[in-house]
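The block underneath contains the structure these notes are about, expressed in structure tokens.
The letters A, B, C and D name the chains in turn, as written, and every chain counts its residues from 1.
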Amino acid sequence: MVIPEIKKPLVTAEDYVQSLRDMKTKIWAFGECHEDVPDNPLFIPHVNAVAKTYEMPFPVKSHLTGKTINRFNHIHQGTDDLVAKVKMLRALNNKTACCIQRCAGMDAMNATYIVTYEIDKAKGTNYHERFKKYVEYIQDYNLVVLGAMTDPKGERNKQPNQQADPDLFLHVVEEREDGIVVRGAKAHFTGVSGAHSMLVFPTQNLKEDCADYAVVFSCPVNTPGITYIFGRQTNDNRKQDPEHPIDQGNFKYATVGGECLAVFNDVFIPWEDVYLYKDYEYAGMFVEAFASAHRQNYGACKGGIADVLVGAVYALCLANGVAKAGHIKDKIADMINLTETLYAGSIACSYEGKPTESGAWRADTMLANITKHNTTKFVYEINRIAQDLCGGILATLPSEADFKHPEIGPMLNKYFACNPDVMCTEDKERLLRLVECLTGGTASVEAMHGAGSPQSQKVMMMRDANLMKKAKLAGDVVDCAFVDRL
Amino acid sequence: MVIPEIKKPLVTAEDYVQSLRDMKTKIWAFGECHEDVPDNPLFIPHVNAVAKTYEMPFPVKSHLTGKTINRFNHIHQGTDDLVAKVKMLRALNNKTACCIQRCAGMDAMNATYIVTYEIDKAKGTNYHERFKKYVEYIQDYNLVVLGAMTDPKGERNKQPNQQADPDLFLHVVEEREDGIVVRGAKAHFTGVSGAHSMLVFPTQNLKEDCADYAVVFSCPVNTPGITYIFGRQTNDNRKQDPEHPIDQGNFKYATVGGECLAVFNDVFIPWEDVYLYKDYEYAGMFVEAFASAHRQNYGACKGGIADVLVGAVYALCLANGVAKAGHIKDKIADMINLTETLYAGSIACSYEGKPTESGAWRADTMLANITKHNTTKFVYEINRIAQDLCGGILATLPSEADFKHPEIGPMLNKYFACNPDVMCTEDKERLLRLVECLTGGTASVEAMHGAGSPQSQKVMMMRDANLMKKAKLAGDVVDCAFVDRL
Amino acid sequence: MVIPEIKKPLVTAEDYVQSLRDMKTKIWAFGECHEDVPDNPLFIPHVNAVAKTYEMPFPVKSHLTGKTINRFNHIHQGTDDLVAKVKMLRALNNKTACCIQRCAGMDAMNATYIVTYEIDKAKGTNYHERFKKYVEYIQDYNLVVLGAMTDPKGERNKQPNQQADPDLFLHVVEEREDGIVVRGAKAHFTGVSGAHSMLVFPTQNLKEDCADYAVVFSCPVNTPGITYIFGRQTNDNRKQDPEHPIDQGNFKYATVGGECLAVFNDVFIPWEDVYLYKDYEYAGMFVEAFASAHRQNYGACKGGIADVLVGAVYALCLANGVAKAGHIKDKIADMINLTETLYAGSIACSYEGKPTESGAWRADTMLANITKHNTTKFVYEINRIAQDLCGGILATLPSEADFKHPEIGPMLNKYFACNPDVMCTEDKERLLRLVECLTGGTASVEAMHGAGSPQSQKVMMMRDANLMKKAKLAGDVVDCAFVDRL
Amino acid sequence: MVIPEIKKPLVTAEDYVQSLRDMKTKIWAFGECHEDVPDNPLFIPHVNAVAKTYEMPFPVKSHLTGKTINRFNHIHQGTDDLVAKVKMLRALNNKTACCIQRCAGMDAMNATYIVTYEIDKAKGTNYHERFKKYVEYIQDYNLVVLGAMTDPKGERNKQPNQQADPDLFLHVVEEREDGIVVRGAKAHFTGVSGAHSMLVFPTQNLKEDCADYAVVFSCPVNTPGITYIFGRQTNDNRKQDPEHPIDQGNFKYATVGGECLAVFNDVFIPWEDVYLYKDYEYAGMFVEAFASAHRQNYGACKGGIADVLVGAVYALCLANGVAKAGHIKDKIADMINLTETLYAGSIACSYEGKPTESGAWRADTMLANITKHNTTKFVYEINRIAQDLCGGILATLPSEADFKHPEIGPMLNKYFACNPDVMCTEDKERLLRLVECLTGGTASVEAMHGAGSPQSQKVMMMRDANLMKKAKLAGDVVDCAFVDRL
């Protein structure tokens, strides 16, 4: 479990960035293999977002060691922790307007902590003790963990062992005395450019004939045999032109976390890093514990980004002289209503959290699911209103290079001028590019599919809704006892 | 402040109903004056809903007297109280599927408690001590208080003293040594058929030239000089046919609280019951404190009703054999998502409540406003889906008298039969009438305009949103400092 | 086919009402059998709405006889006819704000005309000639036809012959030399109180083992053996108090068509009135032809009602002095946008109509289905906005009897006064009751389920969407030929 | 008016592209001035979309010359022309999935034709005859015209002559014997990369003191003194890597029209090309005529793109094995419903078009406005559903360079494989990139702000809604005559 390149606990953002340099994790992008991740313009903004968690740390006392640790590595010990978690996310997103990338690892750690306790209690295994050692190590060295769950899945209507290629779900291909060998891939996960360790989960419930697919483990991200391929993002080429940062929009912190595919080509994992193996009946429990913990966040992190978006749009309306028009105020109020409704979900599911037998607390499942589900609609509507309020220039603004050009720059500055008491043309350019960046394609898709696609939340809602109990309430109100007979 | 007809603290629902008989409050409806309110079919269902708060009491310790009191008369002492309040509302609405009518009084008491403290501190008045005595009396005798705030208002674009008739806002017309005389009216308030005392508020901010309109007071509901005229509700005539309760839908508990107009025809109020007079600069603070407290509730009480509605609809789908169809499940999941989002608002604003200088706690204003605002849309969508899932029979079901008729009843029972393992035709009839009742006109309007019309929430959201702070967040992300210059 | 009570062609509204008196059709309601339909307060408003089609007739030349007939009895001969039909509906609904009740018969006649031609051509039957005689008779005498299609259906997941009771779908129980005997029921159909003849359809596709259920026929509405039971409507009791018309809202024309259940207790139908029997493979074609024709209308008739609603709401905003506020104008514009979008659907599907082999024209199926589907959402949103704009008084306005009462009437008139230059209190009362009536329960349900529930439109959309053709378009754009291989 | 570089009428797409080469119009982008527009990868896809109108021409007979011309240069002579116009747009967008760029010029020509006739009639000017010559020339040579209307506008709450810089609206700075000199800019207009001539309009109503801003004229796009600066589009850099077309998504036809800013630096326009000068009272009429004509289109062109999007998404669902799941079908049906509702608007406003005194026909204003307004919401919802149905891979798919790389390409093809009977991995890649491209930022913004921002449509709706007439309808229904008194 020890990562050799990490020599000492990481304290500052500089420590953190240096640790990434030391680990030399390789990531493929645009057909090239990049070995200089923390110093490469393609990845710097993503690294910066994670670095913010070192610059602006939220400390908490570890229940394992009593030491002060970064809250992103904490196992939640009560509703206060659950609430502090989501408030931390909104606060950080207010500063970065970008996925902070460190929450999936936090959520995966909490889920593993909870479920390994359940398995050990039921089956006499010792996964939980193993995992506690991992958590202590991560906490002590203040490392960044990523959670990887989603398999490529091939045809959705087939089980893992029914696929044309058995590797379309990650599985164990060899069991050795000292550990296991895994093959397959994990897709769509966030944060490889800034992580030290990864925690790998199955993606769904599994039956006995898929027991080889029931595996949970951790490994350093630079483990040999793993190949990372970065996904394309909206306007990602603009990052390759660091001379013109304005056009990137959120040039300091990127737009989204930076998702990738990890291919595990017969990777060896020692036993000490394995937290589930063949106990297939617990696969679904990992998924659900992780999903609920992760869905808890979305109203806070997307709400935090929406705050920035509202601010940018409001500023542009001020600059255009329209901030007091009735229909403008009404639309801004709609953005606020949507934003705060998202946030209310994160807050509510956190306060309504429950303890598990392991001692760790988890958010209320129903409310966490509705929180995430709302982001799959409200974020789109927030973005739509923002695009309305910015005007057509959002899609027609010339490039920064044009604005900076000696011949045409002055023309652009002349004609795109707004109320100079509010802002200069370059400020307007910066804000418009920020809105473009926050409301563009990839960011929306992340709100849609991050932490599970919309239908997965509906499935959980229906399971937890207790419809028969509700039917009984209705029967009682009108004095009919049909439910008792069912 | 003492109500002579109340001889002893009310404990049981029977005590409560007897107390209403004793008070003999008169209410006009359908052109007649009714003096037998708690025994009159027009009002019985409304009284039953309030009586539920005696049958199924939520006890709490009074911070004033240390005695155990009904939570509806409590001054909230922390977020636990705020949360317990909204959970009580959902639980009671699960049982009654009807406005419980006792929350506006609770909210008005809390608001008066908070604001009188502020006035006294600032101006050396003694409103707060007066009011504490009132609260103690209400708590000790376990009485029901109603809150009345909305004036008729005439033309909305004119101030109280600019109206053609100065009485279109309630105001003081005479100041005496022993008290004041008020004239005017309060409209749209809930619960006169079941209340003992009323707490009267101004309806908006007031300027100095409207100081006579700045008045807050309490009085027994049977105070001479007040005339109550009940509003018409959807299908209210059905209550006048107690032989056929099924057609009423929610025949035990009515559909809505039962709103009325109260005309104050030169009503005398002794000084001991006056909690604001001429301190016009505090009128708006009463309004806002009450509005926020009341808006806090709507996700819980409307959510509680929606639970019953989901249950009724689900049961009908089971009876029709369609509960497992994909589009049916999807629509039920949408109802649940909307219901729980409403509820999340109530929960979040409660947990995020803040203490006031008086020691009383109040819900978070922003989140309370978004909670209420969401009900103005989500309740309609929940109802729409319910009407979709019930099928056209919701609008074409014959009357109970037809179902009971010896000649045609058998025909109806034959042709409206559904899966007999799920329910009999009469159960289906009862549930359809319940859905009709819960989704009909008045109930929706209550979700729209109760606790203030939608625009009033938007005004508060915009005031509390701190748009300049959000603009600064945006500026910081893209390195432009325009806000600092504004 | 001849109705003995009809002695001469009906020209005026008076002729029409007298013809209903002559036919003495009996309708059950509230447990009583009513034989005086056109003179009974329960039914008068419904009759008035149909009578409007005589008072304000839209003439057209019959393609069968060359005579001038009422357009409601016309077989459409081109897109001009289809467009004229929907414009007639909007115009009439502008005058009545109520379902005009005569379109389902028109649509059923057109559908039967089209499908009987197809059957005869394919199978050598002579349904079409029979039916043309019926149409000529209806045209000549200017009679009102109703269309009845929906069976009670019992459990939705079972076929007609699998139901516990075989009568849950209407079917032939005896074949005689001179005709057939039918048993079963038709539910939810509109207009029995004002019709002369009914045209009865099957409700779905049928397979061979359900051939007895494949039956289409016409009969006079007063045919012995048919029992009609009227459905309850929102606030229907108010019609029983003709002294207080204002409280009815739309007191002249009712709220909705007036739906009922018709029980056919072994009713004899002579062969000359039978237009389908046992040719089960055409049952679905009747359903679809009727459904498309009927769905064509909804944007026009509901749009016509929405016009009145917009007008009422706008007038109330003027009276309250708020018509120029930004958020008010914005909401009225939203109502207009929704209304005109509904109407655009009716207009578009009419102009895009196609000829059938029979020579009759039918609306475009896809566009007719989207038109109807939109009403299942937009009407609700229009109503929601209307309820927003009226304010809480919509749910709390006292009864007309109170307003007329010598003691409390003056109080109500004093306190509910608005800008007297715009309207008096009674006008406000009338308009608020109209809005209550138009936005209440039954009217919405009619927009939802009339002409088929929302899911039935989605089924047709998916069938007509030609998804493979669309997939090929996508493939062509990006140069991939996968569709050709499928 | 003659463009010297155009030697003969353009017939084929090749003729057309050559004509652009000949004209050598210069466009700035990315800080460089490009003189090879039709052969530059930045612009080729935009040119291709226009070239499609030559490859797949829709011929019509000119009412001026009787010759067969391209419908894009036609003056509409009846509703048949208006309908043919929108059907042409849907058909072309089905092939290109991209803004076809030639409609704004068509709409500007029709508007100018209509309004110049009105001015001449009222004021004895001869604008109309001048303009007819222009139209004949354009028709004869089959040229592409662009319409440019929107000024930069500076502060929206100030009139042109109140702005800090008078040039923020385009105006005449010098009147000469042979023509006028104009200064200012036009923003956000479409199609400069493929146009021959531009037709320039004012942007709003003008008062007398802004008469210098009342100017309408045409000029060749390569007129000296005009500087074009291309706006940035989502993922525009990908066009600069022609080796990897797949990542562009719609690599043949671009995503949107390609908008730009045109700066007029004292440009001379001869009198023969001036169609309005100083007749300020007609400025608004140009705007409205153009806006209505242009808004007519949006349901057809965006509907045409939506068809392709539905096809792409459906194909991907087939490939993933989920096309038959209930919730998937339901969402696709929602996409279809939205698409066809958009289209119904274009169809309806076309059929309901009206003649003008000039003989040209124009679409119904109200219905054209609701059509465009609906695109500002429905296109977003269509895109949202598409992003839902594609899954998270839409945001995480690696680059084409990665897929083509010898080392990691095989991994990607292995792990992103789907049902091989439906499509290969590369087809999936192509379709996902297409969806990314169609649902990304710029395309949405175009649907929002093209042909005017949403509020501008609401303003027109409110003006045309005739609210007083609607109020009278309501008054008539409930027998109150308030409107007659107003």
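Here are a few things to note about the model shown:
We take it that contacts are C-beta pairs under 8 Å (C-beta built on N, C-alpha and C of every residue); 3 or more make two chains touch, one makes a residue touch a chain.
All values reported here derive from a predicted model rather than from experimental measurement.
In the contact between chain C and chain D, the residue numbers used by both copies make up over half of all numbers at that interface. Superposing chain A on chain D by their CA atoms means rotating through 180 degrees, a value rounded to the nearest 5. Work out the mean CA point of chain B and of chain C, and you get 38 Å between them.
Each chain gets a centre from the mean of its Cα atoms; for chain C and chain D, those two points are 40 Å apart. If you average the CA atoms of chain B and of chain D, the two centres end up 51 Å from each other.
Multi-chain contact residues, meaning those touching two or more other chains, occur in chain C at positions 327, 329-330, 458.
In the complex of the two chains, the chain D residues touching chain C come out as 83, 94-97, 246, 249-253, 307-312, 314-315, 318, 329-330, 332-333, 336-337, 340-341, 343-345, 347-349, 351-352, 366-367, 370-371, 373-374, 421-424, 426-427, 430-431, 433-434, 458, 461-462, 465, 467, 469-480, 482-483, 486.
Listed in rising order, the residues of chain D touching chain A in the complex are 28-32, 150, 152, 154-158, 164-165, 167-168, 185, 187-188, 227, 229-235, 237-238, 240, 247, 256, 259-261, 263, 265, 320-322, 327, 376-377, 380-381, 384, 387-388, 391-399, 401-402, 404-405, 408, 411-412, 414-420, 436, 439-442, 444-446, 448-450, 453-455, 458. Residues 325-327, 329-330 of chain B touch chain D in their complex.
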